[in-house]
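Labels run A, B, C and D following the written order; every chain starts at residue 1.
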Amino acid sequence: MGKGRVEAFTDGVVAIIITIMVLDLKVPEGEDFSALVPQLPIFLCYVLSFINVGIYWNNLHNMFHTVQRVDGRVLWANLHLLFWLSLMPVTTAFMGENHFATVPVAIYGFDLAMCAAGYAILVLALQRLHGRDTAFAKAIGNDRKGRISLAVYIAAVALAFLNRWISVGLYVAVALVWLVPDTRFSRVLEK
Amino acid sequence: MGKGRVEAFTDGVVAIIITIMVLDLKVPEGEDFSALVPQLPIFLCYVLSFINVGIYWNNLHNMFHTVQRVDGRVLWANLHLLFWLSLMPVTTAFMGENHFATVPVAIYGFDLAMCAAGYAILVLALQRLHGRDTAFAKAIGNDRKGRISLAVYIAAVALAFLNRWISVGLYVAVALVWLVPDTRFSRVLEK
Amino acid sequence: MGKGRVEAFTDGVVAIIITIMVLDLKVPEGEDFSALVPQLPIFLCYVLSFINVGIYWNNLHNMFHTVQRVDGRVLWANLHLLFWLSLMPVTTAFMGENHFATVPVAIYGFDLAMCAAGYAILVLALQRLHGRDTAFAKAIGNDRKGRISLAVYIAAVALAFLNRWISVGLYVAVALVWLVPDTRFSRVLEK
Amino acid sequence: MGKGRVEAFTDGVVAIIITIMVLDLKVPEGEDFSALVPQLPIFLCYVLSFINVGIYWNNLHNMFHTVQRVDGRVLWANLHLLFWLSLMPVTTAFMGENHFATVPVAIYGFDLAMCAAGYAILVLALQRLHGRDTAFAKAIGNDRKGRISLAVYIAAVALAFLNRWISVGLYVAVALVWLVPDTRFSRVLEK
C-alpha cells in the first residue's frame, strides 16, 4: 500500500491541530497592555505546544520519507498518535488557563507521554513491516531519543505533584533537545 | 475524470472533521481532578467518534485505491457521505454533554446510519461506473459488512427508546468489528 | 505558472469552509426532541450552504481541470472568490439563527451574489489567459448558467424586502439547477 | 530533502489560518441592518488580514516555486513564520473588537512585523542553501520589498502611540504595494 495518502492525511491533521490551537487564545478583553497580562501563561503554553506539534510534524516528515510502504497496522498506529496529538489544543488551554496549576500540568505531561508512546508504537509497526537492512531501519536505529523523551514525560507527570515547575522545565528541556535537528535520517540518506 | 482531486478533497474534509471534534471538548473548569469528571462522557464520545471517522477514512482510502475513475454522480454521492460525517462533531457533543440520554443516543445512531447509507450509495455509484470484472468490483464484493452495519445502526436507533445502553453497546461493537482490518482489498491487490 | 498548487490551495480552503460551517450548528440545549426544534432553521440553512459550497467545489474542480496555466491575476481572482465563500459560515448562521428574517435573508443572497460575481471574474481572468480555441474556452462557452445565477441572486436580494420566502425559494431553485450535473466540461473532454 | 511536503504543509496551514479567521466574525445579534454596524470594524480588519495572509500565500507560492531543496533550518524558519501568521486571527479580532484602539493596533502591527521578519529569516535560510547563481538567488535578489515592509511595520508600531490611524494607513499601504503582482519571479522564470 502506498504511503502517499497516509503522509498527506497526517500532514493535514497536524496542520489543523497546530492551527486550531490558536482558537483557544481568547481575544483579550480590554484595549490596553494590562489586558494582555492574563493571556501571558496561555500564550506561553501555545508557544510550547506549537513547537511540540512542529517537532512531531518534522519527525513524521523525516520518518515517512525513508518508509517504503504501510499496512493497516501502520494506519491505525498513526491514527492512534494523531488522537493524542489532537488533544493538544485542550490540554494546552487547560494548563494555560489555570496558570500552570498542578493537575493541568500533569495532564499536559500525560498527553505528551501518550504522544511519545504513540510515536514509539508507530515506529514498531513500521519496523515490523521493513527489514533490518532497509533505509528506514538504519535511520530509526533503536529510537533512543524517542524512548528517553517518553521516560522523561512519565517522570514529569509524577514530579508535578512534588513541584509543578520541575515538570514544566522538563517539557521545555525535551522540546529544546528535539529542536536540535535530528541528523540520523539525513546522515543515512546522504550515504 | 481523474480520482486524484476527489481523494484529496475527501481526505481534507475527513481530516478537518476528525480534528475539529476536539473543539467540543471544552477546557475543564477548575484545576483539580474533579474538574475532569463531568468531561468524562464527552471524552468517551470523542474517542468513539474519532475511531468511527478513522474507520471511514481507512475505508475510503482503501476503496478509492482500487477505483479507476469518477463521474458527477460519484462526486455528489461522496459529498452526501461527507455531509453526514460533517455532523459527527455536533451529534457527538450532543450525546456526550447529555451523558448518553435517550434522544441524543438515538440521534447519534441516526447520524451513523446515514453515514453508512451514504457509504452504500457511494459504493453503488462506483459500481455503476466500473465493470463487473474490475479490481474495484472484486474488492468491494457485495459490501456485506457495510450493509450489516447499516442494519445494526437502524436497529440501535429504535432500541435506544427501550434501553439506551444497548444502542451504545451496538455502536461500540460495530466500531470494533471494523477495527479488525478489512483484508478484502489487500487480498485482491496482492493477486 | 503551474495550476497544481492553486488547485490544492483552493480545494483546501473550500474543504475547511464546508466543514467549519458545522461549528455554527450549536449543540442543542436539552435532551429530548423538543430541543431540536429551534435548531431546525439553522440546520436547513446548513444543508443549503453545504450544497452551495459543494457546487462551487464541483465547478472549480471541473473548470481547473481544463485550465492550462494561471497567472497572478488568476491567483487574486481566485482569492477574491474564496473571500466571499469564506463568509458563508457567518451569513448562513445569521440567516438560520434569525429564522429567515428579511435582512439576514438579503445578506445571505448578497454573499451568494458576490460568490457568483467572483466566479464570473475568475472565468474572465482565465479566458484572458487562454486562447479562443483552447479546451477551457470551449468548455466554459459564455458561462450563461453562471451569469443567470448572478442575476437571480441580485433579484433575490431586492425581492427579500417584498417577501423573504421568494428569495429563499430562489436560492433553493438555483442550487437545484446546479445540482443537475454540468455536462459542458465532460462533453468537451470526451471529444 | 524534497520541497514537496513543506510546500503542501505550508499551504495547508495558510489555508486553515485564512479560513478560521472567519470564526471571529461573530454572528450579528439582531435581525436588521443596525445589527451589522458594530460588526463593521471587525469586518474591515477581516478584509485586511485576508489580503495580508493571501499575500503571504502568494509570495510563499512563488518563492518555493524557484527553490530546489530544503533542510532542517528551512523547515524551522518556515514553522517560525507560520507561528506568527497563526496569530493573525487573534490579533485581527483584538484590533477589530476594540474598534482600532491604540494598543490593539500596535499589537497587530507587531504581529505583521514578526511575520515580515519571519519571511526575511526564511529567505536567508534558503539563500544559505542555494548558490548565488541559482534561479532562487536571482529571483529573490536582495528582497528589498520585504525589508522595506518590515521597516514600515516597525515604524507603524511606534507611530500607533502618536496617532493610531497613521499605523492603520501604513498597514493598508503595504498591503496595496504587495497586491501589485510581484514580477521578479515570473521575469526570471521566463528567461
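Throughout what follows, a contact is a pair of C-beta atoms (placed from the backbone, for glycine too) under 8 Å apart; a residue touches a chain by one contact, two chains touch by 3 or more.
All figures in this text were calculated on a predicted structure; none of them were measured in a lab.
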Interface sides of chain C and chain D: same vs different residues, half threshold: different
Please report how many Å separate the Cα centroid of chain B from that of chain C, as a whole number. 26
Chain centre separation (chain B, chain D; CA means) in Å: 37
Residues of chain D touching 2+ other chains? 8, 12, 16, 20, 23
Classify the chain contact graph as line, ring, star, complete or other. ring
Across the complex, what residues on chain D touch chain A? 1-2, 5-6, 8-9, 12-13, 16-17, 20, 23-24, 71-73, 75-76, 79, 82-83, 86-87, 89-90, 93-94, 97-98, 101-104, 107
In the complex of these two chains, what residues of chain C are touching chain B? 7-8, 11-12, 14-16, 18-23, 25, 27-28, 31-33, 35-36, 47, 50, 54, 57-58, 61, 65, 179, 181-182, 186, 189
